[in-house]
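Contents: one structure, followed by commentary.
By letter and in written order, the chains are A, B and C; residue numbering begins at 1 in each of them.
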Amino acid sequence: MNQALLRAEGVHKSYDGLTVLRDVSFEVDRGQVKVIIGPSGSGKSTLLRCLALLEPADAGEIFLDGERVSGRREKELAPHRSEIGMVFQRFNLFQNMTALNNVMCGLVEVRKLKKREARERAFEFLDRVGLPDKANQYPDELSGGQQQRVAIARALVMRPKAMLFDEPTSALDVELVREVLDVMEGLAQDGMTMIVVSHELRFASHVASSILMMDEGRIVEEGPPTEFFTSPKHERTRRFLALVE
Amino acid sequence: MKRSLGLLSLLTLVAALFAVVGTAGASREIKSPVKGSFKYCDNPTFPPMESKTTSGKLVGFDIDMANAIAKHWKVKPKFVFSSFGGLLPALGAKRCDVVISGIFITPDRVKQYPAVPYMRTHRVLIVKAGNPKGIHGPSDLSGKNVAVQSNTKYEEYLKALNEQFKSSGKDPMNLQSYPGDEDAVAQILLGRSDAVLTQDTAAGSYKKKNPGKLATPYLFPETDTFGIYYRKSDKKLGAGLKTAIKTLKKNGTFKRLAAKYQLPPTDVK
Amino acid sequence: MLATFDTHIFWEALSSNPYWKGALLAFELTVASLAAACAIGFFLALGRSSRNGAIRGVVFFYNWIFRATPTLLQLIFIWYALPQLWPTFASNWFTPFLAAFIALSLNEAAYMSEIIRAGLLAVDPGQELAGRALGMSRPRILWRIVIPQAVRIVIPPTGNEFITLLKLTSLASVISLHELLTASQERATASFRYPEAYAAALVYYLGIVSILMVLQAQLERRFTWSSAGRRRRRVAAPAVPAISHDAR
């Protein structure tokens, strides 16, 4: 009866013979914010992509709102993908569109909204991330922090059930990180279900419901921030935190 | 005294004898108007005057004639390839000494380059065997598909004929032009064209190569003359060519070549 | 030297109907063949990265055949060999223009497929990833996001191909297409004035290429994504290796 919003069960994934995810089980409930940390190569990004239905798992299942969404055909996956917002490390804004058009894109192409309505809604969300005056700028005319905020708006405007963030601030200059984290904190406060892969431990300790540590394709430990940072249970977690702090 | 007189007269006799022999030899010794080699420009797509065998060897009346002229002048013949339209430009650019290529003597050409005539010939229409489109003369070409070699007098004639058709309200021909005369005839064999305008010399050779597939329903009554073109500045060459042709005609070379390529002997008189 | 160049004859040739018509024909043939080649080449490019091995094989074979054989040979084959295989190709509907269009389109498609493939590869894969994350279907992602960005990249090499095609149209003179080269050859043989006749043809070819260069510049500007009011010229697009094939 446990209605986790997004759940992965026994997920296994390998690339070219290299195993990246080993029997990973993970879930996030509505309104929860979970932050995943770990060394590079631990499988964090791969797990996120599997949850976002962008990569098929070799074994295991993914459930969205109780419905099994893994192992489906491409055509059936697309509508579910639009219910899971994804924000990338490198923003991946559409270079040939203005900020406004970027945000509109999903509404027009996937939700099949009329352009006028899409434009209104898109503008509203651009405003929400604090960039109403950049509506007609192209991505390469924006700073990294601005681009990432547009990317967040683009995902948000689809009214997803959950938002996934893959190291959203890792590619930003230090002084631009704050503006993005502020937006993300605002989302968490509004009750958005979020899974964030990040190195920003201070943000994690403020906002996360629980923190997960991944290493070598497995979830090593999970716990609320208070416990996690002060008294990690596993040796590997302790070692990693020592490196990062 | 008597002995020295005798010796002197003997010497004079010997000298006179040499002189006679010498001049006799001189009259038989033909000075070649070209040095070292006799270069002739030719477009070998016009059998039996000039063409290439399947193994790439040059054959034809013109080839043999050029060789005969070179032999007469005791020089080596040298073949220089050109497209038909490029023959006279090549002559002007001094890539060769003469043009020998089954090319007519016409007033506009002679204005630029003089020519020595060597053979008469008739134009002819070639059609598919059995003459399915019923072409019996130039006026029957109206509305038909006709192929011809580009930049020739044949093409000029057909274009003028088409203008006549248009102005008198008859259907014009669908005229297509090709680099080689043989390419034009190929269009009849392929079923694309109904007729080709070319020379009777060529027609004979095409019929031989494709027995039973071609017919020549119409022979133009007017004769054309093939000529050897040379540059205006080469006056000595022109004179030399005239005498060479005369000689070759007199000694039966032309008759022999005509027989070899099945051309009417009257054409080479 | 230039005293022997008769400008009156030159202008006569330049303004004559056969030259004008021939140039127009060469231009039409080029545009039509390039358009068809881009369309065919696009699907060939997609086929190259297909998961289906049979499709990849077909595309490889196609590119191999059409790039390895001389264009002139392909032209002549279509004109001479087809009627002997299927008599219908000797009928009037199969005009020299149609034959040249087919030959040049098929030939050019092989080269365009490589250019387009390079253009598609040059688009950041993150673009497609972001599209999929939004829930867009693959065709839609191609149409709205990847192709516009790839077009920007392939404009310069495609301009090159236009110029190459324009020159290739002169080959069609051997299958009796009355284009610009034919017109100049006819005038030269008829008038015995070679510099004037051929110079006039050169001028037309130059003219057509100049028009292309202007159109290309306009097209490149349209695909430069910068906000209105600030026509900032972008840095050159990522280098796409020029596929040099002038040897054909």
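Operating definition for what follows: contacts are C-beta pairs under 8 Å (C-beta built on N, C-alpha and C of every residue); 3 or more make two chains touch, one makes a residue touch a chain.
Being a predicted model, the structure only gives us computed values, none of them experimental.
J.: Mean of the CA atoms for each chain, then the mean for all of them together: which chain is nearest?
T.: C
J.: Taking each chain's centre as the mean of its CA atoms, which one is most distant from subunit B?
T.: Farthest chain from subunit B, going by C-alpha centroids: A.
J.: List the centre-to-centre spacing of subunit A and subunit C in whole Å, with centres computed as mean CA coordinates.
T.: Here subunit A and subunit C have centroids separated by 45 Å.
J.: Which integer distance in Å separates the CA centroid of subunit A from that of subunit B?
T.: Each chain's C-alpha centroid was found; their separation is 86 Å.
J.: Along subunit C, where are the residues that touch subunit B in the complex?
T.: Contact set of subunit C toward subunit B: 80, 83-84, 87, 90-92, 96, 173-176, 178, 182, 185-186, 188-190, 192, 194.
J.: What residues of subunit C sit close enough to touch subunit A in their complex?
T.: Counting only subunit C, the residues touching subunit A are 124, 126-127, 129-138, 140, 144-145, 148-149, 152, 223, 225-228, 234.
J.: Would you pull the subunit B residues touching subunit C in the complex into a rising list?
T.: Answer in residue numbers: 85, 88-89, 108, 112, 145, 147, 150-151, 156, 174, 176-179, 183, 186, 190-192.
J.: Sort out for me which residues of subunit A touch subunit C in the complex.
T.: Result: residues 52, 54, 74-75, 78-86, 88, 90, 92-98, 105-106, 109-110, 136-138, 140-141, 151, 154-155, 158 of subunit A touch subunit C.
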